[in-house]
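Please go over the structures that come below.
In the two assemblies presented below, chain A is common to both, partnered first by chain B and then by chain C.
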Partner chain A sequence: MFTELNSILNITPDNFKQGEFVLISDRHTDGSFLIHHFLSFYLRARCKVCFLGLVQSFSHYCAVSQRLGVSLVQAKEKGQLIFLEGLKESLSVLIPKEPNTGSQALDFLRDPSAGLRSLYEFVRASVSHTGGVEGVEGVEGGVEEWGPPVLLVDDLSVLLSLGVSVGAALDFSHYCRATVCSQLQGSMVMLVRCEAEEEEDDGDEEGPERLLKGLTHQCSLTLQVQGLPTGYCRDIHGQVEVCWRNRHGNGQQMQKKLFQYKVHDKSASFFARGTSSAVL
Partner chain B sequence: MAAPMKSVGSKLSVERPAFTTTSFQKKTRSKLVSIPGTRPSVQNGQLIVSTGVTSLDYLLGGGLAVGTLLLIEEDRYDSYSRMILKYFLAEGVVCRHELFVAAVQESPDDILQELPAPILDDIAIHKPVEQHGLPCGPQDSLDSMKIAWRYQNLPKVQSALASSSRFGHYYDVSKTMEPEIRQAANCHRFYFPEHPTQSSPTQSPMLESYSALLKSLQEVIHKGGFDGAAPMTKSRNILRIGLHSLGSALWGDDLCCRDNPRHSHALTTFLYGLRALLRSSLSVAVVTLPSHLIQNRALMGSITRLCDNAISLESFKGSERETNPLYKDYHGLLHVRQVPHLNCLVSELPDRKDLAFKLKRKQFSIERLHLPPDLSETVSRVSRGELAGAAMPGSACGSSTSGNKHLDF
Partner chain C sequence: MLPEILQGTVGGGFVLIQDSSNYSGRQLLKSFIHAALTREEVVHVLGFEVSEEELKDGLNESSMQRLHFHNAYIDPLGWTESPHFTVHQFSMEQLTSLFKQTQQTKPFTLVIDSLSWILRHISTPVVCESLQQLKKGGAVRAVIGLLHSDMHQRGLVGSVCHLATSVITVRPGLRGDGAVAKTTKRSKTGKVTQDEEIFSIKEDLTVTVQGKPSQPGTTQTELEEPEADPTANLTFNLRLSDKEREAKEKLALPFVFSKEKKTALLHTGPGSGRILYEPDANDDYDQEDPDDDLDV
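Up next, the complex of A and B:
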């Protein structure tokens, strides 16, 4: 959890808006540090978290969260965290041995044209249990209650690499938003990684760019991580554009802020443009 | 395995006897790592292996982390990328790791026969390395400077990338490895044209060639005990996987031939499966890919995303840069496309991204790109501009020089 980012977004683990759909996108650089931020944030906020880790192993997320002061293993044991390890599950589908061994969640790997229904079913099953039913015995023997559900997806765009169409991925996110954000008043965070070059002549645009446009239309807050336009720098890792959309407010109100950032070993610092300690 | 070693290390140092006189203790990490040819990374405690190229190790932050994948985008003639692959395999032979080589263009044995010869004598190798360290430093005969003596105490410029401690071995690319050493290595070969094909009934998006490769990789990993399932009592080893020219047409992939390939998800799905295998086992892979043939840049981007490290080689061979005097010291440029983020928030970034490589008589090395000093007597800004402009085609050359002359007063 990066406290500087919390103050930018004006949220704390005790007080945050519900029903939000946060979209993280990155270009030219790696934006996954924000996923780690939100993972540790919502775990500290005592939310029930469903994490679809499609691009890294559980031990990776575990090691990073340890540095951020949250134990994923404990959270998993307590029933607070439900973790889908895409890499591990995919092997049984990609290299089939005996039929029907793997989990159903990654059925789209068998036949990508079938869509992401099974993955959505997994999400719905894991978030829709109320804390009282799902929660296991706490330390005192009581049952732990968890707050509103949160869905985190590390890299929705990897689904496109696995053959899923953009339309199916957008359907998936729409269904998830309807269930998690609207019905259960929870939150949702998704990461989409785009290509390095932004294509100007998009006649028949496919792939992550189209996915990003579709998700930007759905979400309530976007964090766009980009490399520096002037090129690579050792002391500033890139810039992040924070953009709030007020759907229910008065009209087309939109607020934008631009920060530069640097990721450290256990945190990240955000600062206004040109005020890095390297230049001042 | 892709797990940090730090916590275990601190536990060990606690268990040490209490009667030592000083509180300062050397952390005994060497106890943990019993696999030859590996060591924990200085930055994040990750278990790493050497690629065989010292300067490449430095560039990757010490070496390749076990459980990760290095993508090399081939240069146009596949001469230098193939060389790095051979270095990687040769290092595996010397460290007694197991090898897995897959190829389609020629038999994996052809690649294995060309492995560079290791220089195993420590004293013999030290000299050439020191010489290459200071390519632009003063000559030995000029021990004391006659003029400009103030510069004598300045630190010498070191353009070749090198770390302070040595990791990995040195190789002589002018000779090939002796067959006895080579045959001692336990090597698995995957030659797709000779591989028995079985038609798979599933509607998987992967191609037959890729799923056969993935399957045989999994078998090797399982039989060799490289996955976590093997009992801990058995001595552990590393599996080095070298996949040559993945995505080329001979794999049955039309990635390189069309703008909108039919099997556009075949390679990315394979890489996803490969990543899953690597992350759950003690193995490390190097993949070369003819990226200059792939027209679809979006596809190339998603391929890069599924690898951990990605570098691309741009050889000067056959391009007009070959004759450009600015690049006369080098054989090509090296671009770092991606650095790994594994088990840490921030990864060690290279301090500069302008890198070039060259192949000396016996050694391949990566250096920071710098322009040669202009030593001619009539040197001036104008002549530098002409020098750079001379490599351009006719009309551009004329305009650039005339533009410079206009500024000259």
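Up next, the complex of A and C:
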């Protein structure tokens, strides 16, 4: 959890807006540090978290979170965290050892054209009821109460590489938003990776660019992480544009702020452009 | 022209609001709903993109019984057990039976939020046909649709635009909270009028037009900051006064031959050398070519 980012977004684990859909996009650089931030943030906020980790293994997320001061193993044991390990699960779908083992969540791998309904069912089951934790209530003698549900996806554009169409991915995120953000008043964070080259704005490309546009229409806050246009720099890792999209109609429609950042070992610093400690 | 379309004085038809990810047209769409409700009209909303609460947020409480929200947001594809309205029900027959459920006989305004959602799942000709029928249909007074134009191919956007009687394209303004709306209106006689206006939407969803954006040429010069004059503080003089210019122009440059100079230099007076040749009869004038023997 990066406290500097919290103050920029004006949130704390005790006090944050519910029903938010945060969209993180990265281009020319790696924006996954923000996913780790939100994961540790919502775990500290005592939310029930459903994490779709499609890019890395559980131990990777675990190791990063450990540095940020949150234990994923404990959270998982307590039933606070439901973790879908895409790398492992996909293997059991593609090379089934025993019939009917593992979840149905990644059934789309067999037939990507069928859509992501099964993945949505998994999300809905994980966030909607507390029944999934009954088995581990022995820890403190009772089921712990968790706050509003949170869905984190790292990252959605991987689905495109697995053969899912942009439309299906947008349908999935729509359903998740309707369930998590509107019905259950929870929050949602999704990461989308864009290709390094900016594509021609034809409107007919079936790629992450179109997915990003579609999600931008849905979300309430975007964090666009970009590499520096001038190239790699040791002291500034990139810039992030924070954009609040007003969905509840008052005054200004959109508010934008641009920061440069540097990711440290256990934290990240954000500063206005040109005010890096290396420059001043 | 935006206020006239908003007030519905341009009678019925199909109003299309086009937006992009830079600027959401939903706020303008809500202004249209607000305007229709204040005119004591019945409004049906096909809501795909935002929840009922979010759409009704900011609208006048007292007119809520005239607003019918058809919830296609929660389950637009019928993935759960009890869908209210799915995207595949978007056809004239299904919609008519849906509207009949409310038992309102008055003509009403239909708001579609958004057409992008429908166009992603139903083929364009089918959608266009349904829209055309809705436009003509007696029960529907007007259709107002939102379209995220950057989500579709240009040809698709074009064909939907052709159906519309008015197309409003919104984009963010250059500064402040104003946005720019480009309006194209087709009247029944076939006359097409275009207009561009800067507008802003207040909290009570009223739209105020702040004026017209200046022409592209003038906006450019406006944007450009007055550049600092590099010749302002020079140690030497770059400019000429009139007197200096006169003097400069008077000066004759060397190696440029004026008439005076030429006559002065190439003076041809009497007594200067001249060759006069008068051929004599005895002159040995060779008829043959003297260079005949040369091999040239």
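Keep in mind that, in the parts below, the second predicted complex is superposed on the first by the 259 of 280 C-alpha atoms of A that agree within 3 Å, B and C clash if a C-alpha of one lies under 4 Å from a C-alpha of the other, contacts with A are read in each partner's own complex, and residues count from 1 in each chain.
In this section, a residue touches a chain if its C-beta (ideal position, glycine included) is under 8 Å from a C-beta of that chain, and two chains touch if they have at least 3 such contacts.
Small disclaimer: the values here were computed from a predicted structure and weren't measured.
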item	value
When chain B and chain C are modelled together on chain A, clash or fit	fit
Touching partner for A:G167 - first (chain B), second (chain C), both, neither	second
Comparison of chain B and chain C by chain A residues contacted	B
Partner chain(s) touched by A:D30 [first = chain B, second = chain C, both, neither]	first
Which superposed partner A:R245 touches (first chain B, second chain C, both, neither)	second
Computed vertex angle (chain A) for partners chain B and chain C, CA, steps of 10°	100
Touching partner for A:E206 - first (chain B), second (chain C), both, neither	first
First (chain B), second (chain C), both or neither touched by A:T230	neither
Partner chain(s) touched by A:S157 [first = chain B, second = chain C, both, neither]	first
Which of chain B and chain C A:N15 touches, first, second, both or neither	neither
Smallest separation in angstrom, by C-alpha atoms, between chain B and chain C in the superposition	18
Shared contact residues on chain A - chain B and chain C	none
Complex interface listing, chain C residues touching chain A	21, 23-24, 27, 30, 49-51, 53-54, 57-58, 73-77, 79, 116, 120-121, 148-154, 157, 172, 177, 179, 201, 203, 205
Contacting residues of chain B [partner chain A, same complex]	2-4, 202-206, 211, 214-215, 218, 265, 268-269, 272-273, 275-277, 279-280, 297-298, 301-302, 305-306, 341-346, 349, 351, 353
Footprint of chain B on chain A - complex, ascending	30, 32-33, 36, 55-57, 59-60, 63-64, 67-68, 87-88, 90-91, 94-96, 109-112, 157-158, 160-163, 193-197, 199, 206-209, 232, 234, 237, 263-266, 268
For the chain A and chain C complex, residues of the former touching the latter	117, 120-121, 167, 170-171, 174-175, 178-179, 182-183, 201-204, 210, 213-214, 216-218, 245-254
